[in-house]
Amino acid sequence: MRLTRRYRFAASHRLNTDALSPQDNARLYGKCNNPFGHGHDYVLDVTVEGVPDGSGQIVNRDTLDALVNTQILARVDHRNLNVDVPALAGRVATTENLAFAVEAMLKERWTLPARLARVRIAETPRNTFELDTQ
Amino acid sequence: MRLTRRYRFAASHRLNTDALSPQDNARLYGKCNNPFGHGHDYVLDVTVEGVPDGSGQIVNRDTLDALVNTQILARVDHRNLNVDVPALAGRVATTENLAFAVEAMLKERWTLPARLARVRIAETPRNTFELDTQ
Amino acid sequence: MRLTRRYRFAASHRLNTDALSPQDNARLYGKCNNPFGHGHDYVLDVTVEGVPDGSGQIVNRDTLDALVNTQILARVDHRNLNVDVPALAGRVATTENLAFAVEAMLKERWTLPARLARVRIAETPRNTFELDTQ
Amino acid sequence: MRLTRRYRFAASHRLNTDALSPQDNARLYGKCNNPFGHGHDYVLDVTVEGVPDGSGQIVNRDTLDALVNTQILARVDHRNLNVDVPALAGRVATTENLAFAVEAMLKERWTLPARLARVRIAETPRNTFELDTQ
Amino acid sequence: MRLTRRYRFAASHRLNTDALSPQDNARLYGKCNNPFGHGHDYVLDVTVEGVPDGSGQIVNRDTLDALVNTQILARVDHRNLNVDVPALAGRVATTENLAFAVEAMLKERWTLPARLARVRIAETPRNTFELDTQ
Amino acid sequence: MRLTRRYRFAASHRLNTDALSPQDNARLYGKCNNPFGHGHDYVLDVTVEGVPDGSGQIVNRDTLDALVNTQILARVDHRNLNVDVPALAGRVATTENLAFAVEAMLKERWTLPARLARVRIAETPRNTFELDTQ
């Protein structure tokens, strides 16, 4: 049994790597490399897997929400992913890298009885990234 | 190849367990324990898995709909999950328990050539429960 | 210029009027008259109309949210509309009547510089009620 | 008869006014004043009003799309609204002000037979701004 | 007070007018003129306006549904708009013309106490047509 | 890590097999067998699986889009699936068969570093077909 709980955050980012010249960055990332950045309303789906306990629940919703608020939303919501998020320091602010960072930040304090099974981030309604976690 | 077919129903429920005192129920379930209940527009996704036959279909849509209507929707739509649904008797009316009940009610009369692969219930747009069925 | 801000609440209700016999209630309201009620995830859109001030805003979002939380959501979210909402006492718990009640509750404490222009409640994705307010 | 055509763009912004101190900006705009900005997937609905011609259409879709692409999307999509959009220079980058700017940019080159009737911008799924145009 | 009730239908169409040459049709309608047609999942919103009666309702939902089913859905759902719909005979199968046809078909049998106020048809999520009716 | 990228196309089709009589086709496919066809706004989700490279991306979005445009959208968008799509010749135009055809057309020219993991097509919001690809 899996529960997927949905969260939202608004953030800005710019795709750019120091390893390439400005021209190559522009070629590689297109308009996502525009110099002053842009942003998205990200949708984060956190999936936990487990067996309901006597309360009929896999996980207490308030406990999960508190963890996601502290570990993720307080750090990325209404933030600039290139500047404000230490977990992305030195990495390109793609949603691939953001998904790995979200997984790491959740695991850092994960004490819930249910297992973290999947992190999914929709960057836009057209673009969704999904990571099965161990 | 899997087909997921979507159904909707409106129901009310209250989360409460006789095993706990009123105070502990309120602490555990928060506003979901409010005494007179509340409700949701549940979204039920039924996934079947199989190989298309000569008609080019895994499963006949009318046959699947008839089964879901009889076994599920007629029992839960515009109902109170705590009072009206025998399959939940003696169990807390969480969506975890509802998903197990839906699986059991579908299997009770399942005669389709395709396999029932997954039951997924969205309690709200933020809260989705998923059960892989054997 | 109008700003429409969206809120959500989950509630249960039953459509029934003391003016009719049980048979006539069942005929009039169909499954919405089922004895133990059902529920919905209501979507409430509050529209305000005005001219942006020096801050570039028609209305401060936090001020509007605080008003809607106190006057509406605290009274209807995770509640039974037939029992828990004094503004609906003696009235059938249709979404038409709920929309009038929401308008009245908002106006009771409305001190915002922008005008309340419209109250819209979606009872389900198929059923939306809209009230232009004066 | 009105046709509403939907467009999308991703942009970043920060709410801040030079008329106030940093402390007052933070108080007024809350997390929207965070120093390095954030972003959204904006949804732009352009409504035109008119009478269908012999082609059965109020307006040619390609002509309308070309105008919106040139006048709006090329200027705001994957951009920073505070820095990249001359029409917002000297104004706070609220969606109220953006809606006025979009109206002005559309009218600058409007030669369609149908009338521009409304500009609507959803900043997030919770926050929509609507401007009836003359 | 207005109630908007949502219906869906799937239909095919081809945009083409006998008044023009094949080349001019292709230029005017683009890929919508492809010879063998294409299709959409249309969303129809019917808005009625009135005052709730003693039942707390502007209009009985079953009565409205029965009318829309008979007058509209039975004629357009899973149909080819160019061939199957007499109300569109001799007219280009644009959604502008379809909206006028829907209005006419509804009024043909309208005996509800509430006034038909608006017909809105979304041809796709990007393209919505709206007609205020008298 | 998986990326799912969403595409849309509008197409018409009719479900009918030469192996059956007209009466049996009508019985089997119901209104989907109506003689002149109907249509849908199909939603295609293409999932690729891989490891981000130095650019922080599993796959270059422009490269994937170019492939899907050439191999799929140019062949099915604004087309009649029964007549216009060679990959469906001699097969019933169900979405099951369309999903297999999409998989084959993508693999025909797949040279991306990431693996094609899944093809999912929503025929309508109620009906989704999913194919894990090898």
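The chains carry the letters A, B, C, D, E and F, assigned in the order they are written, with residues numbered from 1 in each.
Keep this in mind: contacts are C-beta pairs under 8 Å (C-beta built on N, C-alpha and C of every residue); 3 or more make two chains touch, one makes a residue touch a chain.
Note that this is a predicted model, so its numbers are computed, not measured.
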Any chain in contact with chain B as well as chain D: A, C
When chain B is superposed on chain C by its C-alpha atoms, the rotation angle in degrees, nearest 5: 180
Farthest chain (mean CA position) relative to chain F: C
Repeated interface matching B-C, over half of the contact pairs identical, chosen among D-E, E-F or B-F: E-F
From chain A, the most remote chain by mean C-alpha position: E
For chain A paired with chain D, centre-to-centre distance based on mean C-alpha positions, whole Å: 28
Whole-Å gap between the CA centroids of chain B and chain E: 34
Where chain E touches two or more other chains at once, by residue number: 125
Which pairs of chains touch, using the document's own definition: A-B, A-D, A-F, B-C, B-F, C-D, C-E, D-E, E-F
Parts of chain D lying in touch with chain E, wherever the complex brings them together: 1-6, 52, 54-58, 60-62
Interfacial residue positions of chain F with respect to chain B in the complex: 15, 17, 19, 28-30, 91-94, 96-97, 99-100, 125-131
Contact footprint of chain C on chain B as seen in their complex: 8, 10-13, 31-32, 34, 36-41, 77-80, 82-84, 124-125
